[in-house]
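We call the chains A, B, C and D, going by the order they appear; numbering starts again at 1 in every chain.
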């Protein structure tokens, strides 16, 4: 039996004004387990707390009920008081007789009656409280960043700067991501490579950073502070440690007709390749689908010309296991496929291109060496039509487009239009828009400059149809402000394709038990207040994997994620919330219902031997909760039919005791 | 179509025992009367002489696999009717037995009969029943009554939801189809009553409950190691109902615990000694789940996510549930 | 005027993160609601077992209301989605058994919706009071 | 908006099953419309005018009979607004009234031309008359 002390607070007149505190403390004196009851003007004051400590000692109290303000206000205070008195802090319950009683009820009689009932419920609960101790787990001081685009790079650099080792896992042969493919960046028009490649070099040279390029995460186990991750390093058939990146093999490789994905297949590369000049790591990779040596054993030129002897045709995929304390997801985005947009003739004409292809066409390192030439006949285009919101804000058909706004298209289209007019003033540029969204520093000024100084024709309306006729593209569009239908003979049509999360995100989310929205963007722990954390402890979000973002936003989020990781990794031990679920293995039947509803993946199963009454041994599958991962929502307790799963601090018996006390 | 007979099943069981595929057989044997067939474990070919198969073999064996695969290393032969295969899959989804230890032989079923319906025609004093398309009942008063099998089919067989076998190692005879059944008609009838009428109906039915726990004990979805109503540590433990609410509490909670997992096998109603139409509670949940969250048949496949351990962000609000059906 | 003086008894389960805070806010703003409403704090609306609700009715509650974060705002990301399914089915079942559907309710109240909390409780208390005593679900043995 | 107009508006919305509020005013319907030059009011205007209750001009407009019912606007609309269904609903509102038939059976012989496919006549009658 508990020995409970009840402490009724007046809160000046805040409570005592509508609740007869004396009557409350008198009434609760007779409740089962209560051995001491008192009231005082300000329970939270030093004197009030001392009163509690004295009473605990004098009356050998094992539990405390404080009838006072909301637990959201002073629960932590009174828990500390209990600890100071030598009690377990979780032996304290608060009856909220201020916010939910004295402040909302007008007369003394009602207020007092209700306060007594709330007090009784708290006493009933404390009678069933058990001391709870928060578990501690050590933290592995190493971070994993999945994705090596600008988001991953920035996060890794910031974490490494704080002195923690970081690994970057990138599926492509080089880090750099989408930003490496861009030409110039809005709104300042500095060249993407000029600001990105120095950062890539920093990554390569940072002692704290390891890069696993051409690699992917295949398994994640464990929990915050203690993740066990398996990374598959795909065979690149080149020894990374020896390759100097001289490029002799690339030059001599006889197989030169491989579509170059870095230039979005607008030109070709060789079967052994380095994606671009500033690649990090700058090592060659053999494309096994096109290499004659790997396909049929006939060639071997690269091996012969490699002075370093780095070519290894027998290389195998390698699996690396590593422990991490924190994981940052930075898997980025891709433009959506234009295959379903027949109306824009993307698949009918080479001169209908996406904006990312346009970036490559204007990039000095691109297939046309930076000259804006249309892909079909390499002629200079004189009329260019830009179409905005292709697949963005498209609610009608889920397999065609995306319901959300892709956020970056308005600005990059303004940039493309402006740069075109700047370099080729003889070119007419039309931009069809639904809305121009420019909420960002110097963004609207930038867009207005495109219109006012560079003479880009911005037309409020949409393109309905594009069809090739001769060497022209017939564009039929609406001009809503003039209530007209326009027919433009264009040389080039540029589609601002919606962006979507990378395809690797969904399986990764499953591995991480991190949640996603219906669009496959990772969900943040709180949309406003915890935007860089996933709801799964120890998993953080960086960049466009969480939602469409431009570069400045991506970089700020990347640094924010790094700050969160650092604040986790500086801890030696993590203290858990003791109010977690736990399963009674004698009753658990291993049905997996709890595991299915757990948002954190805190529940696993193990086969356990049980001695049966007839002295035989039976093996049963039983649930186990990892207290370091469980956040204590209690969802599992309700799907557990036998009640084997229960929540500490909010146990079935405790809540029912409260119900009974209230309904008595 | 191959007719499933007792001899055919025994022959199958013997051959599987003899070639070592299985070590024991789950089957039916006669009870005190022709019509109280009970489940039994047959450990060898010899004992199979007591094996019975007729129109009273309604018992669903899926649940028996839990106990019979837990301790021994031996492999069990089980005969499954179409409706039993759903329970079989559902139990596998919940990891309740080791699939490796079971050899499942599925058998087509053209419906089982309800002794109470027979008795209603023949009167008391049944001495002997011969099954077949026509059922011949002899009484102790030397009367013989012929009954059409179709007239005395068990409720769950009248409203059979599926003749399809969704799990087996071996299928005897031919597989059937999922049927369009009228199993929700009764639920709809209740729904269309006023609240007062419904209350009256259920009070009348549930107040007969004697808390014998037969429904729970036979239910292939009720497989807890210890039922929450039996656990002294749970605050709702009670052996027998002491008042008019407790059995309601028991039956609501029981139906809720099996909601989304109940395959509508109908065992609960079959075994209820008080003839409480318990399946109407389960079917209500099944019907609501179908309406609210899309059609879902528990046990149709192994590994599916039951509706109550799943959600969509667009689900209907509880306030709309009553109007939303 | 002859009015039934009997006060209804209402149990409100409130999730710690949104609705309990919403109730606190109602208090901070001195927005009154009937004292018949007694709040029980749970970490998340998904902690509420249908057994708790039936138990409350069994012991003489006249109405039970469950408050949680708005769908999509759950502190534990998905708890209230499960609550929504469970309660939809439970409430439908109670109605099927002939129990007045107005006695049970789920309401999403955020930490900022003090006014909504008070308004909801006022409305619910009024609805429950109009239904009178809960005879169909209470357990007579437990009455004093 | 007076009650009568509001009723007509609600009726049009009901017949068509279209929710004009879903329109984000991108104009792709009008961009895609092959009968643009023939029409006084264009698909996006139909949506906006019905939404605003500006029904009278639509009821009187020749555009109702110029719409080809090709459903290109329905197909291309990114928000699933389905403007052609709205045009159809306005047209039905007119022709369902007494004497509202656009095409009367008696008019047909005069229009006959040996090149007109039978199917076109039948569908025209379906489209222009109740």
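In this section, contacts are C-beta pairs under 8 Å (C-beta built on N, C-alpha and C of every residue); 3 or more make two chains touch, one makes a residue touch a chain.
Please read these numbers as outputs of a predicted model, since none were measured by experiment.
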item: A-D compared against A-C, more contacting pairs; value: A-C
item: Averaged-CA centre spacing for the pair chain D and chain A, given as whole angstrom; value: 47
item: Chain centre separation (chain A, chain C; CA means) in Å; value: 34
item: Distance from the mean Cα position of chain D to that of chain C, given in whole angstrom; value: 50
item: Interchain centroid distance [CA atoms averaged], chain B/chain D, Å; value: 58
item: Sequence positions of chain C contacting 2 or more other chains; value: 50-51, 55, 78, 82, 86
item: Set of chain B residues in contact with two or more other chains; value: 228, 235-236, 308-310, 313
item: Contact pairs between chains, per stated definition; value: A-B, A-C, A-D, B-C
item: Chain C to chain B touching residues, read off their complex; value: 50-51, 54-55, 57-58, 71-72, 78, 81-82, 84-101, 104-106, 136-141
item: Touching residues (chain side chain A, partner chain D) in the complex; value: 343, 389, 393-397, 401, 432, 434, 460-465, 476-480, 483, 485
item: Residues on chain C engaged by chain A in the complex (per definition of touch); value: 9, 11, 20-21, 23-24, 26-28, 30-33, 35, 38-44, 46-52, 55-56, 59-61, 73, 75-79, 82, 86, 118, 142, 144
item: Touch list for chain B against partner chain C, complex; value: 187, 190-191, 195-203, 228, 235-236, 242-246, 248-249, 252-253, 255-256, 259, 281, 284-285, 288-289, 292-293, 307-313, 315-322, 324-325
item: Residue ranges of chain D touching chain A (in the complex, touch as defined); value: 22, 24-33, 36-37, 42, 44-45, 72, 76-80
